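Going in written order, the chains are labelled A, B, C, D, E and F, and every chain counts its residues from 1.
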Amino acid sequence: MNWLDEGALYSSIGLFLREDLGRGDITTQAVLSRNVRAKGRFVAGEKMVVAGLEAAEEVFITLDPHAQIEAFVADGEEVEAGKVIGRTSGFADVLLAGERVALNLLQHLSGVATRTREFVNAIEGTQAKIADTRKTTPGLRMLEKYAVLLGGGVNHRHGLDDGVFIKANHAALAGGVGTAVKSTREKIGHLHKVEVEVASDRELKEAIDNGADAVVIEASAATELIKTAREMSAIVAIVVSGAVTKENVRAIAEAGADLIRVNSLTQSVRAMDISFQIQPG
Amino acid sequence: MNWLDEGALYSSIGLFLREDLGRGDITTQAVLSRNVRAKGRFVAGEKMVVAGLEAAEEVFITLDPHAQIEAFVADGEEVEAGKVIGRTSGFADVLLAGERVALNLLQHLSGVATRTREFVNAIEGTQAKIADTRKTTPGLRMLEKYAVLLGGGVNHRHGLDDGVFIKANHAALAGGVGTAVKSTREKIGHLHKVEVEVASDRELKEAIDNGADAVVIEASAATELIKTAREMSAIVAIVVSGAVTKENVRAIAEAGADLIRVNSLTQSVRAMDISFQIQPG
Amino acid sequence: MNWLDEGALYSSIGLFLREDLGRGDITTQAVLSRNVRAKGRFVAGEKMVVAGLEAAEEVFITLDPHAQIEAFVADGEEVEAGKVIGRTSGFADVLLAGERVALNLLQHLSGVATRTREFVNAIEGTQAKIADTRKTTPGLRMLEKYAVLLGGGVNHRHGLDDGVFIKANHAALAGGVGTAVKSTREKIGHLHKVEVEVASDRELKEAIDNGADAVVIEASAATELIKTAREMSAIVAIVVSGAVTKENVRAIAEAGADLIRVNSLTQSVRAMDISFQIQPG
Amino acid sequence: MNWLDEGALYSSIGLFLREDLGRGDITTQAVLSRNVRAKGRFVAGEKMVVAGLEAAEEVFITLDPHAQIEAFVADGEEVEAGKVIGRTSGFADVLLAGERVALNLLQHLSGVATRTREFVNAIEGTQAKIADTRKTTPGLRMLEKYAVLLGGGVNHRHGLDDGVFIKANHAALAGGVGTAVKSTREKIGHLHKVEVEVASDRELKEAIDNGADAVVIEASAATELIKTAREMSAIVAIVVSGAVTKENVRAIAEAGADLIRVNSLTQSVRAMDISFQIQPG
Amino acid sequence: MNWLDEGALYSSIGLFLREDLGRGDITTQAVLSRNVRAKGRFVAGEKMVVAGLEAAEEVFITLDPHAQIEAFVADGEEVEAGKVIGRTSGFADVLLAGERVALNLLQHLSGVATRTREFVNAIEGTQAKIADTRKTTPGLRMLEKYAVLLGGGVNHRHGLDDGVFIKANHAALAGGVGTAVKSTREKIGHLHKVEVEVASDRELKEAIDNGADAVVIEASAATELIKTAREMSAIVAIVVSGAVTKENVRAIAEAGADLIRVNSLTQSVRAMDISFQIQPG
Amino acid sequence: MNWLDEGALYSSIGLFLREDLGRGDITTQAVLSRNVRAKGRFVAGEKMVVAGLEAAEEVFITLDPHAQIEAFVADGEEVEAGKVIGRTSGFADVLLAGERVALNLLQHLSGVATRTREFVNAIEGTQAKIADTRKTTPGLRMLEKYAVLLGGGVNHRHGLDDGVFIKANHAALAGGVGTAVKSTREKIGHLHKVEVEVASDRELKEAIDNGADAVVIEASAATELIKTAREMSAIVAIVVSGAVTKENVRAIAEAGADLIRVNSLTQSVRAMDISFQIQPG
């Protein structure tokens, strides 16, 4: 992550800690004295692609700059159940205060990376790439998109300002795919490409005739439209979106898609089983 | 939601929009002229308990105070597939700018409420209540806990400052359940109760003898320990936590639990199928 | 203070300095050259319980991370007039810029701790504790409540979210003490106790019959109602509030109060006499 | 107050409410239903100069823009015990949530204004004015200085950037009063006057000879030095500071002081007795 | 401007006002009573393209939501000397407090728009467009880029995240233009085009061979390299940058440039002569 | 710069970087690997007074606290074309990310300092001083006023709260210069002087008779009014403002002005020619 990503990360971690800590951890304050030291280990409870260790480390550093943290795997690495992926040591109250936020991030982001890896593996050997969507968790987009990269996928747009994507809604309001692409071509900066959703041969033709750089096809209609698109243009990028599943993703890739957008990389994510084991010391 | 919840909501919505909009929606700016008006409808694609309509409304209001929004169901209501749950009208660029953030919130929060309702229904007729945990999505705790209420559940702690809960980790670091409860009793304010995790008859006895107000029992050991706890004390609240599933929740409730904490209310949430249909007007 | 307290403290100190410094200390800039070094000593001008040294140190550290500060007593310690309680050395402009904010905090917070200690001493040997109220200085609650702890008192609620306290106003609007306690019992989380203000034998009975955990009695009526309360219940906590003075506090404690809330711990606080003596060096 | 004062006020009020409300008023949420309406009256419990009504109004408006508020006296007006100084109506939860913050401000600020008025009255008929100092409550300076104006006093510096005041510490570090005034005269902007603390005839002479516009004299030495100063210069402003009390203030004024700075206007302030009486409706 | 632009604008205006007002306009407070009303007119002192009226209006609205403002020309319109471009009425203290910030913005932004228009006019009839650079005033980029649009220019990148532009520095560090373009092509998202600076026929060829979408040529070498570029590729966009002046811009456009980037649109901007005339009423 | 200036500087630099970097430098991320190191040199392209090196350094430090920076001249020093004024080394992505913001600041602020120096030199040997105005770039006032000091000028007011300056507008609304000065004298704090704009002998007399400390005269009428003013009062400060140019400034100084305010110190500033040369290492 670059400077700004890191800046955004630090700022988010602070918000997440405040959300959980409020005025402070009253249980730990009542149970423990201030100077008790402890060690904690993050242990994978199932096979997974790890993501979020860097964020988890940041949680403890935010609470105490002197906390010691050691990662045993890099973000993006695949581990088996039972693997100790990292450990931390410091004051017990710091470990207990950061435990839940660190785990919530780590489990969720590892879920994103693991699912991404499954889709990437499913199309291995094809020319296609697995991409994410904007169906992310509000407030976690940067972290989730980073986990997609760790899983081996690529990022589609980071936001509405990060690339032109004319959806069916836009086309309908503008009077058709052709009009929309044409209007965009004229107004958009010279550094942006134009991507447009198409649902029929006619729309495909309108898109390509008006200079679209990429066309987006619904998964259900993918096989046929991909073939037509390839016949119409050698250079237009072909993107498939919508109801993409582990079952149909390989067929879509083999049909010739360049990019396959998968909602479930970042939506309805299953949190990975990771535990944090604390002991004195 | 009260004033502060609303304040926090507004502030979060602003962050979520900035995350998605960055410097602005360059597609819509290129495709549409500024004054095109449109209507949008939120349509449920499956049976669900609706949650997040208030937040979705706030998304459009934040973008344009003059946007018109109408909810056809209240947050917390159960609807069937096909139900139009709300509609909005205004400038097309406002609807397109808010669509994704509104849907991301609505689908996720309805997922939380719907799953909560399923657990609540599963123990209908018992004295037990379904409660959430701190295993929430960082940044969305307030909204997720609100969705749990809409689903019929109750909230456990909002954060580490919102009630005393001595976990096994605390007890281990403090030298045992008894010592931990005793120490807490002495230090904690008179308005707080003391809840403690116990894993054996001995710990149960230590907890009750030292004045714990509530004991938390792992789901796997629930049936037996609940029985023992009831015999030891008529007034201690019995909380079950851990591997609670739709399959075992009723048995736990019938065994006499007062409160059953379910991780999956807010973890690994399945986003509900909700679409936003836009048309000119 | 824990992490969040410290975070809040640092952030407040920054605000306080900006309030006093505006665009900068134009006198010192005109009078002194930049590199003049100086030493300063905080000297107690009367007997007091010191509170706020940690905050005062933070003032100078905020202005210059390289400022040297040494505390000769710990916050919470009692000192006699003439005692040098701490000293600092660094650039003269830093000392002059921080002097007033540091003193304003130190004098006020020592005033809170000193008055608390007087009340605590006044009931020495009884079972009662001295507690604060929400009658604090807006913006300084955290620091004032910390000073109460240093003086030997305990904190009542930190805010309206930190415990249930049904006041006469609540009861009146809800239709009586009994109704209010009953309604609260049903709605409030299982980790919270219920405290209620009562002004007569009838209200006391309604409170206890409906399961109140603590009752709050006006100081003027304390002696009699405490006796009645003790007869009605062995376990209800008895809190006295209102016109508590150094004159009547011991009688109230001896009558059997568990907790005595004193407005004047944090209201109409007398600033302690502390000076800051600067010399070259 | 002007625009920025108002901006700062609104922002402070928000902080003060968050400090008291945290995650929300759990008692009121449990006791009352959302739509109960109520009325509240602020009643003076003693004779006082009212200050802070505008701020108190802002508290309720911040919580609910539809709250109705009516002031029966203007800030700065003197009232007798028993006077209803304002009333408010709206949702009961809004009134209960704002009550404490509103009262804490109103009682403290009225304390400042009332004490100021007492000093102003004590020197009635002389040419002197009563001024405040920087011994204010951190975070409340703007409001306290406004209350001083309402009490009939004038404001000395709002902060270290708001005027040149060479104190004894500055002079000592700079090598004497004369050197300090001279250096300042050369460096300071042409729109600022130079005020300097003097403790002897010699320092007075040095100050005036080097072009000081105002001299500050300790209260204990006031009478004599004022006389000397008047003899030395017809135009230098004479300010008295330090141990000024209601007992000695008139003598100081009559000795010829132009401005008398009183620490206790804003330090060790006694909160005025004001109550907030709520009833249904 | 869209929602976020407006949000950013409002937030900037607040900062600009605080910068100028500090603790408030002490002159106006001393000279005028609060309720004096006044009218103000913005008058162009020379021929110009107006830009910033919307921002100037926002200044007064921020100070007082009830201020009345009327624009007589739209932003982007060209006016002659003497033209009254807008007027405002409200409280005199509001007009006097906003005057300087409003003028500073209006004069500077009109300077940007006017200079842009001059360059646009200079290439009228050619296929080229005038574009801005990142040589903007820190903190004013959004407003300055908006003024460029009003002047008839187009925006190049809003920031380093808004399009790929490989400069000579990048190429040097990466081992040449060819390597840099190739590496970028592989790593960059499919919605971004690749623009690269070239300084010779060889670099031009490397760029085009590796799939650059646009090449940037120094103004001094423009004529020759444009010709070569056109011969090498029909579709690569040709951008000219660097020492572009009103004298050479037309020749560059006629040589076939698609986009001409002009530093001086936003650098060393001459503030337009605009006055604000206030009168009672 | 003192603490607060530095605080404000750091905070501004962060905003300026965010403005330019958005979600990150996508070109550098695509072209370079993370660990490439580089060196950069700032080279003056013309004769100038350097200002902003400290700010430029802060840019790189903000991006990476480990960046190495070395200034070869002090801010305020005059250099010839070709002079290397500073160099920096660190990771290449850090240098490339900070380059534009650093240059934008350095070129603009050096422009301010250089122009100031030119005016200062033009009046060398007279008693007059060159001062700035409030015609600054919104958001950059503090930095621009600092550059004026570096150029040898003095600062007039930092903002509307930093000194009393009664302009013609004020006087007109108040009923004349005399009334305005008189009213101000009565209301303004004793540490402020009163400056007033005058346009005729009559206004000059009204100002002086009512106790103005400084009078401001339009450049066009300067010679004559300065003479009159000097005859009327030996102590009133004489300030000239308005159409001051390098051509007429010496005559104004020689006519006896104490302070000459020059709009163009900070308005229509010409950015100095400074380049940043990067090479591997």
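Heads up, the rule we're going with is that a contact is a pair of C-beta atoms (placed from the backbone, for glycine too) under 8 Å apart; a residue touches a chain by one contact, two chains touch by 3 or more.
Computed from a prediction, not measured in an experiment: that's the story for all the values here.
**Student:** Just send me the rotation angle from a CA overlay of chain C on chain E, rounded to the nearest 5 degrees.
**Tutor:** 180
**Student:** For A-B, which listed pair, A-D, C-E or E-F, repeats its interface with over half of the contact pairs the same?
**Tutor:** It is E-F that reproduces the contact pattern of A-B.
**Student:** Most remote chain relative to chain D, going by C-alpha centroids?
**Tutor:** A
**Student:** Quick check: how many Å separate the C-alpha centres of chain C and chain F?
**Tutor:** Centres of chain C and chain F (C-alpha means) sit 47 Å apart.
**Student:** In whole angstrom, what separates the CA-based centres of chain D and chain F?
**Tutor:** Chain D and chain F have C-alpha centres separated by 35 Å.
**Student:** Which residue numbers or ranges of chain A touch two or more of the other chains?
**Tutor:** Correct list: 21-25, 29, 97, 142, 158-159, 161-165, 192.
**Student:** Given the complex with chain D, which residues does chain F contribute to the contact?
**Tutor:** 154-157, 161-165, 189-193, 195, 213-214, 237, 239, 258-259
**Student:** Taking the complex as given, what residues does chain B use to touch chain F?
**Tutor:** 22-23
**Student:** Can you list the chain A residues touching chain B in their complex?
**Tutor:** 12, 15-16, 19-32, 36, 38, 92, 96-97, 99-101, 103-105, 107-108, 111, 134-142, 158-167, 169-174, 180, 183-184, 187-188, 192, 267-271, 278-280
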